[in-house]
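Once you scroll down, you'll see the structures, which are given as structure tokens.
Next, two complexes with chain A in common: one pairs it with chain B, the other with chain C.
Presenting the complex of A and B:
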């Protein structure tokens, strides 16, 4: 097991190096002069231009810039945002809890609904529930989520006035300093009446929008994995022993059927962060996805660079954890 | 002897007939295929089918609701958008753009994917490792974030959308081709071909490749729908096709401010995306079940 972990860890190092290289090169290729963005002037005097270029290290040879970049990264320095003058890492960490809260809610929504739905469809194979669910699942993972979001806003927020349109909490009624950055927790800690409900209200629609695609994938995967397991000999044995149907399904079949589902949930992480970019844009949710899109518009090199690097590193680490977890629940993988 | 009964020979079903008999059993897949063919016909013959040009603006006819609702105009069956352009025509021309994006992305990534996948499988060693690490890297960046990165370097346009989305989906094909090629290597017919003196290029493309095609075709079909979704998302973020191109995602981006007042401007383009993607996915699922029983879900 240790060998497996070590090998897997070593394999990620070249990926990290390549990632740093790609973000570094890519951002240099972006059109638009970063100094002009910083100073907000066109036709700046040559001396001031040279001064700023020197200050940003842009007058160094490109290889030196890259080594500097890596050196700084290794010391946790992801640069300074050109537009806000704040450290990229600080900015990212301030906004990240919002994305994390949203993603976590989305995947929770998908798992809580998807696994029981998939199990039920497999057990009642061929029933109307099975057919409806599988039809809905195809629609679910074909869903353009930015449209789904607009549609839900149109119906639920504008039509029925059930949920707010944007943001994380009612900013007019409630204000408190963030302690954890997670609105649901902060609102509880704030002791302001109704704050938690307001935060929950704001979370519902974005959560559904972000959770829709994973929900469809998880329901489909659970169903097919469950169907496979239900035809195994040990399930027949369990039935033959006279165990109740509930026991057979929940204890004997489901535990084994969940192994591929765990991988699928893990694989959703990358997609979830991509989905968060769209969801945050639609709902004006102040997370890293929206920040990234805004950074493009502002030609904010360091923010983009650092943001993409941090998000991708996160995905690499989570995939690594999923792999290790998978190795732990399914020993056959370790020696593959 | 002239009246002796002719010997009855049963022709084995050809590969296409065998495929069709398996495919046609799946009602969803056939439905998907029919819708998909309809969309393709609309896209190809848009110039004849669409009542108006996609960019013609009718003065005084802005934000008309669909014809069957109150205030609708029978000349504009699905209504008009904020600039007085006919929604139906824009949607029909949009089908052309979305299918074009989907098919281009698929062709580009399939061709490059086959080339790189076969090279990785045949060369092995350092080349294989380097290629696969690069593919790992591409896969580790969330698809939309990577596409955004590529588009922000190249600038937003339809062509760059195709480039960006192709890059995003390339690893799937490379890994698939490499994997199936490696699985074929140990088999006897490859050794036989080598013994017979078949050169490496012929071995790659003529001997091995046809045996890896089934999963590749399935992946390609599903790849088209992913590409359409991804391109629409870029269009929605303002990073894809630029106005006045009637790209469905870009149409949605323009429509955001009319959620309250003119819901059909928001509803219709998204519905068009959903219907096309669903039809391609149903068709792709059917292809998978018919072509490759090993991959069958249940």
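Presenting the complex of A and C:
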């Protein structure tokens, strides 16, 4: 098991190096530099341009900039955002809890709804429920998040007044300083009556929007995996032993069917963060996705490099954990 | 599944509760803004979004009247102009308190001349202890040419500041009302420097303004509370909240749902809907900007006045305003927008007349087909929503008078630089006003700006330029107005460019908001604004 973990860890190193290089180069290929991009019609005098390029180290040869960047990274220094002058790591950690809270809610929503729905569809294969669910899953999977988010706001918030439009909490009624950055926890800690419910209420719509694609994927995956398992000999044997249908499905079939589903959930995390960029923009959710998009516009090299590297690291770690979890569920992989 | 339905059920109940509750706390004004500020020191910022977020906290020596461009007293109650306009003596307001209790800072003295010196020297003197704090970008101080204008700033006593200029310049009084000239507390700066955290100076602001800073959560919200000791027009609400809402559709939805009282920049496509909604109100004004099509007067045939006039007549102006601005722009005939003082409404517009244009070209000795280039804006600007579409329409119009225009563009920074060098024959550009002084627009056609500078027409006309310089150095408003009016007539006749349009800025708010005045600068101010 240790050997397995070590091997997986070693494999992530080249991925990190490639990531550092790609983020560094990609942002520099975009026309316009961080100094010039903030000037409007006034422009900037050549002297001031040269001064700021020097201050930011942009007058150095590109290979030296890259080595400096790597050197600082190795010392745990992600640099300072060019637009806010805050440390990139501090800025990331301030915004990341919001993204994490939303992503976690989204994936929870997808798992809690997706797995039972997939199981039910497999068990009732060919029924109207199965057909409806699979149709809905295709629609869900191909749903453009931006459109879906705005549609839900118009229907649910504007039309039926069921949820707030955007934000994380009712700003007119509640105000407290964040302690953890997770609004659900902070609102509980704040001791303000109704704050937690308000935070929860604000989470509903973005959670549904972000969870839609993974929900569709998980439901479909569970269904097909379940169908495969249900036709296995040991399921027939379990039924022949006279076990209740519930026991057969939940104990014998589901545990085995879940293996590919776990992989899919892990893979969805990457997609979830991509979806978070759009969801955060629509719902004014102050997370890292929106921050990264803004950083591209501002050519904020350190923020972009640091942000993408941190998020990618997270995706790599989650995939690693999924691999390990996979090993735990299926002993054959661990020993293979 | 069960868990999720529970949540949904809870939401339904809660929604009813919240909608009922929001009306009760009426003294909070929520403004749905567009984005996060760059910092809380206006001198370091460059966007309207940032200035809006800084402005509640600060005052300046002079001030724009709320909703206008006229300059009046601010932290200076009066000023004397002596030495032929080269010396300005400011008499400072007494008894003005800086905000107390922000970031653990309690001021021990009132505002005085040291705060003025600190605020300007920080941006000006490279050896100032705060010059390099937070990156030291003071774009506006430099963009407004302050280092070139200022000779010295000194205090003669605690309540008198003497500003000596290198040459007479009256528009500087308007510069001093701009956000970059906000007055900070020198005592707070010392306090933070001693505590070893000077960078907090630009993150947690202390000023004298109508609102006191409470908290800022990046990309989420900024919260201010009323400053009960404010010397000027007081805040009428207890709390002011900027709810940062980047998506315009979400902003409108929040406005309709009562989650905010005021929303910035509604989409043109939503205007009709807002007008119809009885719970909302919509106001509009032309923006402090202009878009124009510049003719490079150093390149033939644009060195001839008649050719430039003919080009002005060749373009179907109204069609461009209709098709490109889609209701969010008005046609321009002068370089300044109609909201600015000295706007000369007597100047006629060039009417669309391709036949006459053709005849004029012929009379000027231009043989057709004539090949020219037409540079179009590579980016959206406040004064031009779609440079390419506009250029295509112009190209089609030009074809009718036998002119073949080749469309050219570059990356924005490159585009500006090349046009300033004069590489183009004709090209689109524009301007957004900074300080509400006509000089801030008219300098764009001055001789000084034609040498590698902002005057991309490269037009240099003595009659115009003499008036420009004279107007800059006189403090007599009537005289200045007269000079600017004359300059608009000269410019119309000489036609170094074709004026295209001014944007129209819309503001949407809830019907219960009272006392709001739209600013020609496109800025947002909330003192004197109430929620009924």
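Here is the rule we go by: the second predicted complex is superposed on the first by the 314 of 336 C-alpha atoms of A that agree within 3 Å, B and C clash if a C-alpha of one lies under 4 Å from a C-alpha of the other, contacts with A are read in each partner's own complex, and residues count from 1 in each chain.
Just so it is clear, a residue touches a chain if its C-beta (ideal position, glycine included) is under 8 Å from a C-beta of that chain, and two chains touch if they have at least 3 such contacts.
Computed from a prediction, not measured in an experiment: that's the story for all the values here.
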Superposition-derived comparison: chain B or chain C, residues of chain A touched:
C
Return first, second, both or neither, reflecting whether A:281 touches chain B, chain C, both chains, or no partner chain.
both
Looking at A:117, would you say it contacts chain B, chain C, both, or neither? Reply first, second, both or neither.
second
Looking at the overlay, does A:316 come into contact with chain B only (first), chain C only (second), both, or neither?
first
Contacts for A:158 in the overlay, against chain B (first) and chain C (second): which applies, first, second, both or neither?
both
Please indicate which partner A:304 is in contact with in the superposed arrangement: first for chain B, second for chain C, both, or neither.
first
Does any part of chain A touch chain B in one structure and chain C in the other, and if so which residues?
31, 150, 153-154, 158, 281
The residues of chain A that touch chain C in their complex are 31-33, 36-45, 48, 52, 55, 82-85, 91, 94-95, 98, 109, 112-113, 116-117, 150, 153-154, 157-158, 161-168, 170-173, 175, 177-178, 194, 197-198, 200-201, 204, 281-284, 286-287, 290-291, 294
Give the list of chain C residues in touch with chain A in this complex.
1, 3-4, 7-8, 10-12, 14-19, 21-22, 25, 28, 30, 35-36, 38-39, 46, 134-137, 139, 142-143, 199, 202, 215, 217-221, 223, 241, 243-247, 249-250, 253-254, 256-257, 259, 381, 411-414, 416-417, 420, 429-432, 454
Under the definition above, what is the set of chain A residues touching chain B in their complex?
14-15, 18-19, 22-23, 26, 29-31, 135, 138-139, 141-144, 146-148, 150-151, 153-154, 158, 220, 223-224, 227-228, 270-271, 273-275, 277-278, 281, 292-293, 296, 304, 308, 311-312, 315-316, 319
Chain B to chain A touching residues, read off their complex
28, 133-134, 136-137, 139-145, 148-150, 152-153, 155, 225, 229, 232-233, 236-237, 239, 249, 252, 255-256, 259-260, 263, 266-267, 269-271, 273-274, 277-278, 281-282, 285, 297-298
